[in-house]
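All chains are identified by letter, namely A, B and C, in their written order; residue positions are counted from 1 within each chain.
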Amino acid sequence: MPLKRKDILSIDALSCEEIDLILQTAESFKEVSTRDIKKVPALRGKTIINLFFEPSTRTRTSFELAGKRLSADVINISAASSSAVKNETILDTARNIEAMHSDFIVVRHSASGVPQLLAGVLRSAVINAGDGAHQHPSQGLLDLMTIKEKKGEIKGLKVVIVGDILHSRVARSDIQGLVKYGAEVCVVGPPTLIPSGIERWGVKVSLHMDEALVGADIIIVLRLQLERQSRGFFPTLREYAMLYGLNQNRLNLADPEVLVMHPGPINRGIELSSEIADGLSSVILDQVTNGLAVRMALFFLLSEGSQH
Amino acid sequence: MPLKRKDILSIDALSCEEIDLILQTAESFKEVSTRDIKKVPALRGKTIINLFFEPSTRTRTSFELAGKRLSADVINISAASSSAVKNETILDTARNIEAMHSDFIVVRHSASGVPQLLAGVLRSAVINAGDGAHQHPSQGLLDLMTIKEKKGEIKGLKVVIVGDILHSRVARSDIQGLVKYGAEVCVVGPPTLIPSGIERWGVKVSLHMDEALVGADIIIVLRLQLERQSRGFFPTLREYAMLYGLNQNRLNLADPEVLVMHPGPINRGIELSSEIADGLSSVILDQVTNGLAVRMALFFLLSEGSQH
Amino acid sequence: MPLKRKDILSIDALSCEEIDLILQTAESFKEVSTRDIKKVPALRGKTIINLFFEPSTRTRTSFELAGKRLSADVINISAASSSAVKNETILDTARNIEAMHSDFIVVRHSASGVPQLLAGVLRSAVINAGDGAHQHPSQGLLDLMTIKEKKGEIKGLKVVIVGDILHSRVARSDIQGLVKYGAEVCVVGPPTLIPSGIERWGVKVSLHMDEALVGADIIIVLRLQLERQSRGFFPTLREYAMLYGLNQNRLNLADPEVLVMHPGPINRGIELSSEIADGLSSVILDQVTNGLAVRMALFFLLSEGSQH
């Protein structure tokens, strides 16, 4: 069964059936990466363009490797070296790429809505690899995959998301996916970093980390963008770490089988203690492994869909 | 029939027979990029080095994709990260690359003559991807291909090239190709940006855009390097746009079947209005598509030639 | 016979039998790069990550091409664009990469010991592509290969290494290899650039270039890092060139069959005259060719080893 859509722009747009299909496909591709020859010919002769207007080694590498393990040709274009600096519009950049018969354009941009804009104009499949504070759907999917793998069922799980909710596309994608599957989601962080009205997304808000963590099945710790401090969102890193950093004492408040997740890269000792990052509850590296599998699944399913 | 030459350095050096062969070969490779599996094994096991001393995402991407669709291995080397910054001579850089048994070196450099210098010393085929204000032969070839495709015959066409002729390697390559095939070429632009003595290349010069456009079959609009203003070549962008920008009123002076071309990236609203860039006369994206096909043809024909 | 080790971290750690095996394997791979189709399927489906925290076009290109000629998938990660700037630890960066099932991590870092640190933690094979002033084992191996090819036997050769011994990982790797095989090694350079106690490595020290060169079979000229001058290690470039630059007069002091080597990139006219760099004694480009072959051999042998 193919995925009947051209693009992957947000978690919101996907039905649970579609997400189930993606995650099942990802599970089968996960096995490919454990083989002696980690390569299948599924996308031979297809062209994937990684169009990154914001730098991101880890996400770019994951998409690049996903494409290569499917035998696609992958071209990396980064903003610093791109025509963007030459006053070209984003649409012109993208149309130029498509004129070379690209099949997939994976786009990351600091402005929300850029992937949607491109998807509406291009024939190529567009995958949103992060747009502003809006969406990062492949991260949302890999988080759902990791939780399902470890917990079996998402419905009814108590999930706490900690940190800078306001600027986090990861939080937005995760919340949409978790609520869709019936998890109870609570967000916690400094009041300046919680968007007002977020309750309408179906989540609870807490300003007290210890309170929020009681009985948690999943704790998703967000990366703290260190430059937020200089912009006045919180007084000092030390205070942030004291009030919202996850350490062993706090972890003891959660369910004994709790999973700790983080989208990376980690600021050790700030939002997360090293003890926990490397501890038994941490599934952070599983997230990375699953991210690759999810991206292989997205390329494969969109490619299948385009042929029918 | 192979191309009996080692390098592609300028349009000037190519005979009409050679250009015809390149364009016919490009037409057949163009079809490859529309297949479901956009890949042929013609250059499997060959090594292409993109050696870019000047940044250029679009040209580098076109050569990279051309190489990959022919199944070659492609390595990108950009000046910023290259040993050039370490005081190494260009010849040493190139000889080092060749010592790893490269088959093709695609070189872009801000100094005129660098590709020629390398071609004289290296066994690898050298393709000039733009040297200073001198030549950009693959751009010249893709422009000829686009005109031939749309007009059938180049001889007798009235071609107007608008803009900064002085600094434009695109203009030089286009003029040489068009004159070779018997087109009537007229260049137009601010007097400070027209090289003196250019009439010797077989072109007419006009300082009045409206006059030049009357009855034009082809208008090639050059990109305006915005930094030229600060160097005093013209007073303001607004004035440049008024005097030399192509808009709908001006386009109406040309032949009704006129083609509008631009090497990209476009400064919309300066040298070209958006209306025209996206209009029915525009073949700008066809140029990009043909550029890829021309580059595949160059790799293929030079490779064939080297084996006989 | 496979190489029974997981990583290549230093020349010191390798036995002469292991080095012999690597160099024999490199000789057979050297032939691959002279074929019409320069590619073997040995590492199809393997993933090589070039993780370069220090820029190096030539070494990165050599490893990249070595991987591609063995049909591996190669991903380049450079520090500038990496998460390193985002406050992530090196170990986290590496563990993240490995979570995507990498087979090889080729690492270059300005700090000595980083490759060793990673090798102790990762399942992937780690190849040291240069760490601080410590080691650059693939350079040491390609130098041994070049000497063996040209001289047959290393034992008893008189080898002079000239220049900035203090900061040179190339010198350290070369000395360990040459002493292991029984060469007589003499280092020469400004007293500020000779590490104290270096005699314990089994080499002689000379401060007088002319004296040291008498009867030399091999002269390894090190690259002078030009910024050393501003740090006060020597007064002027001109004086350095006069006292330690290799020119024809000095070369005449050596054995008539002397070989001149240099790891590149060369500062022509400073540590080496152009006459000699391009002369009959120079094997500098052979070093580059052998470097590619040595890196193919390392990937191949480590890969074989991991399957038994």
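Just so we're on the same page, a residue touches a chain if its C-beta (ideal position, glycine included) is under 8 Å from a C-beta of that chain, and two chains touch if they have at least 3 such contacts.
Worth saying up front: this structure is predicted, and the values here are computed from it rather than measured.
**Student:** Could the interface between the copies subunit A and subunit C be described as same, meaning over half of its residue numbers are common to both, or is it different?
**Tutor:** The interface of subunit A with subunit C is built from mostly unshared positions.
**Student:** Quick check for you: after a Cα superposition of subunit B on subunit C, what is the rotation angle, between 0 and 180°, in steps of 5?
**Tutor:** Rounded to 5 degrees, the superposing rotation is 120 degrees.
**Student:** Cα centroid separation between subunit A and subunit C, in whole Å?
**Tutor:** It comes to 40 Å between the two C-alpha centres.
**Student:** By the touch rule stated above, which residues of subunit A touch at least two different other chains?
**Tutor:** Within subunit A, no residue touches at least two other chains.
**Student:** Can you list the subunit A residues touching subunit C in their complex?
**Tutor:** Result: residues 33-39, 55, 57-58, 61-62, 64-65, 68-69, 78, 226, 264-268, 285-286, 288-289, 292 of subunit A touch subunit C.
**Student:** Where on subunit A is subunit B touching in the complex?
**Tutor:** Residues 44-47, 49, 73, 75, 77, 81-83, 86-89, 92-93, 95-97, 99-101, 307.
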